[in-house]
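Across the two complexes that follow, chain A remains constant while its partner is chain B and subsequently chain C.
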Partner chain A sequence: MSESKTDKYRRVAYYPGCALEGTGHPYNRSTKAVGKALGLDLVEVENWNCCGAMEVKNVDPKLQTYLSSRVMSIAANQMRMDVVMAPCNGCYHNLKKAEHDLAHDPASAAVVDRLSAKAGHPAYQPGQVESIHALEWIKGAIGEDGLRARVKGGLQGLRIANYYGCMYTRPRNIFPEKDAGPGSESTAKPHFMDDLLAAAGAVNVDFPLKTACCGGAHTLSDSDLSTKLVLNILNAAEAAGAEIIATECPTCHSGLEMHQIRAEKRFQRKTQVKIVYFTQLLGLALGLSARQVGLHENVSASRELLAGKGLG
Partner chain B sequence: MIPLEAVEARLTTLAAGTPTADDAAEILALGEAVLEHWVRARGETPTEDRQEGFRLLALHRQGARGLPSFNACRESCRELVYHHNLLTWQPDHPDADRRARMMALLANHLCLFVGGKLQTERLGEFCCASKPVRAQSG
Partner chain C sequence: MPIHEKELIRPEDLRTHEQLTVDGVDVSGHWSTFIRSRVVTDYNEAMQEEVAALPGGEFIHRCWQCGSCTNACTVNAVNPDFNPRFWIYLVRMGMEAELLRDKDIVWQCVSCNKCTHICPRDVNPEGVMKAISHWLELKGHTPKSPAMVFDEVFSDQVIRRGKIEDGRTIRRFFARTGQALQQDWLIEMAKRLVRHLPIGLLARLGFSAAIAPRTRDWSRARAAIEEYVQAEHAAQRSALGLDAPDSPATTREGA
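And then the complex of A and B:
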């Protein structure tokens, strides 16, 4: 971990995105609580907008590029920030995609220039800010050693399967900082969440489906298929010996929670593994209460398991 | 060619049961059968080539040609091969049964994912593939 990253990530523009104001609220709450506990400064992006998510991207990718670029433009030009941190995989992915598009596709840049002028703000220029995920934020600003020094009690050997979902690493070409040698994140076998939770006292199980598709995009068109894909992920986590699946994406998290319940109702297949955001687990390891990290807002009922280990 | 429904039924049984290292070859073959269906559905003849020693990986490469969203199952294929290697090289390892179950779950995931894409090719398209970006960058 470089010294510059430690300093650079200490104060970042925080882009929660839509999901963290709704179903992903416990992720929002725990991210802020962990930041505060670690002495990191989150400054919310002023008047932020939707990143374009999956829906806009599918209809008009260049419009999605503009929407994401506006968030980065506000952070860079109004707030004078160097780093934008997005905990949501969808937002993070779209900021990175917009950065890539603007650097490589003149047609996208032209659309962003035109729409930015129309909206009355400076067009974002590639390289003005660095967009990072919450995993990269904590890993860069605090690191494993820093975390070890701060945990109070730790995660007591909690057995965890780390699930990263699909958008944190794909497509590889929009993440040039990944697969960049020692210390960098891997797109084939991501490990930042594993590293942080191990430093907080967890035992990471060998979980080969950590980037497997959860069928999120298929939820409406074929709910049974999504449920089967999620059930398979839940079964694999349990077969690996996990008590908890740690998540770092509100869409994945909601999908796992929803389809765990649906699998029981639709296919009479009950699984016991609990689904918890990695920031909630880090917060508990840092001595925060269950309420402070928003465990009561999760659908997956993990409080009994965690309280049994003296957490929260 | 084994019907995809039969592949799914067999993998469901294996994944829910207690497979052993002896089942590794069958699970790998079922994974290949899944990808054969995908390649044939695209109007191509499934390759007999091998990539890094495995037909499964060659079939994946063939299936992903021109369709970046198919890379969403790339790691599942590689993990399948990895588990096959573990079970072949260490059939008596204390973790062999757990590894065999995990291999069956991986193949099951591949089957579900590809089955979903055969219904709606856009599975995986919205999320991780971001086709327009990849198309532009070659």
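And then the complex of A and C:
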């Protein structure tokens, strides 16, 4: 099965999403750079739209299903691709949610059929594409052994807390391939990022808040709550001995960066741990420069720490 | 219903006595606190059906009151008054007056989906929290929450252009909620970002701020979506016995 993924994930439709074109740009840059360094082919979804993020569902959930289905429809019907890869947890979650709802809820399917017809494109049919996260992409296409063979120098025992956030594992019903026995991802204790970074030479600390919530949905509308939740995560990572929190979601990443500063300014709670995208860390391990993986585009200043270990 | 709800005991109904003698026995001390009994008669029998008519609330009837949602809840860990299991109970019982005591915090659900993940009955408590928030707003019990304002500003951009741009969303949200954009922590964040002179990123952000990103040939999708959302919102208002809205919720903002 892993061999088929090696082939299947070699060339995928790439859905960066809105965040990766804005504040999450370093994630976009490093994902593309890592893909290139690993010889993987990313073909951007043509003329894509927003998946609905965490907001549209609160105005209307089925509208979010339509928005996400349009992206998958383009990948399947226009580009004839089998796999859509989204690095953003929000995008990934919404594609999976749309896939699930279209297969199980006739009312959602009816809305998608109607809106697609009026918008003038074929309605997405469940099963046409497989939607995967950037973690599943690298794990499937390259794997730990493949990564170990390609790593130049490696992460030098950098102590990392792997933070996955909410949308990558919850709720369980939209991720039928998780918790499916050996080799599959776990919703309770996700490990794909741990596996990849360990293969790249990092030391993963025992971090209890891997899937805790950063309050990203209310980062601006209820900022004090978000700051409290982020402080829990930062403090737990430091208590576990981490130098870096590795992220795999632009909303989590920006939330941690933003509220690390807000905690300093509003609550006089200073934390030292740096926040870096896992693709940036993999890129550095593969011998890419700090600039190539976009470390200079992060708010959290990790260059000195990483340069001190000969990375970047 | 054999569930003893300690939350149903109102603080003002607790009667504490410094010195108390009952039937000639001195019960001062720990035995001196009593709960004044009260009778509830104002049940709102339509409440469960109304919440179920709003998106996310569809499966509220499945709830067994096991409490897994509250036990898993991110917000409950920060604020014990945030209690999804209890609110589902109140809606199902039609205890509107009790729910209204917590009306100003229901919207604070962060959609982390821990409840929906753990729920053994697939109630989708996260959706129910959103449905209850909408219900409170539609019925006029609460003003539009900051979270709902943000959702509308965001969705409005998506519906108009197919894509969003971070800066625009933030500026419009601060404007609509009457907050200054010059927050000390936002300024500090911007300072730290420009420290490494990410010229390409700044040029990109500046360009997006000037010319909003959009999906090409979006007009037909936009028209279809606007028509759909208006019809859905009208149906929801009608399910709650309300008149048609003055203006559709998602087309209020300028482009």
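Everything that follows uses one rule, which is that the second predicted complex is superposed on the first by the 311 of 312 C-alpha atoms of A that agree within 3 Å, B and C clash if a C-alpha of one lies under 4 Å from a C-alpha of the other, contacts with A are read in each partner's own complex, and residues count from 1 in each chain.
Note that a residue touches a chain if its C-beta (ideal position, glycine included) is under 8 Å from a C-beta of that chain, and two chains touch if they have at least 3 such contacts.
Predicted, not measured: the structure shown is a model, and the values here were computed from it.
Overlay on chain A: chain B and chain C clash in the combined arrangement.
Contacts of A:Gly310 after superposition on the shared chain: neither chain B nor chain C is touched.
With both structures placed on the common chain, the touch criterion links A:Ala217 to chain B and to chain C.
After overlaying the two complexes on the shared chain, residue contacts for A:Gly39 are found with neither chain B nor chain C.
By the touch criterion defined above, A:Leu63 reaches chain C but does not reach chain B. Legend: residue contacts after superposition of the two complexes on their common chain; A:Ala239 is shown touching chain B, with no touch to chain C. When both complexes are overlaid on chain A, the residue A:Leu229 reaches chain B and chain C alike.
When the two complexes are overlaid on their common chain A, residue A:Asp101 makes contact with chain B while staying clear of chain C. In the overlay built on the shared chain, the residue A:Ala19 is in contact with chain C alone; chain B does not reach it.
By the touch criterion defined above, A:Leu209 reaches chain B but does not reach chain C. Chain A has more of its residues touched by C than by the other of chain B and chain C.
Note on the superposed arrangement: chain B collides with the chain C stretch 63-71, while the other options among 9-17, 63-71, 135-143 or 189-197 stay free of clashes. For the contact definition in use here, the residues of chain A common to its chain B contact set and its chain C contact set are 54, 57-58, 61, 166-167, 169-171, 173, 212-213, 215-218, 221-222, 225, 228-229.
Residue ranges on chain B touching chain A, taken from their complex, read 15, 68, 71-73, 75-76, 78-79, 82-83, 98, 101-102, 105-106, 108-109, 112-113, 115-116, 119-120, 122-130, 132-134, 136-137.
Those residues of chain C that touch chain A in the complex are listed here as 55-56, 74-75, 78, 108, 110-114, 116-117, 122, 126-127, 130, 145-152, 154-155, 158, 162-167, 170, 173-174, 177, 184-185, 188-189, 192-193, 195-198, 200-201, 204-205, 208, 213, 215-218, 220-221, 223-225, 227-229, 232, 249-250. Listing the residues of chain A that touch chain C in their complex gives 18-19, 21-23, 25-26, 47-50, 52-63, 66-67, 70, 111, 114-115, 118-120, 166-167, 169-173, 187, 212-213, 215-218, 220-222, 225, 228-229, 257-258, 261-262, 264-266, 294-297, 299-301, 303. For chain A in complex with chain B, the touching residues are 54, 57-58, 61, 93, 97, 100-101, 104-105, 165-167, 169-171, 173-174, 188-189, 208-209, 211-213, 215-218, 221-222, 225, 228-229, 232-233, 235-236, 239-240.
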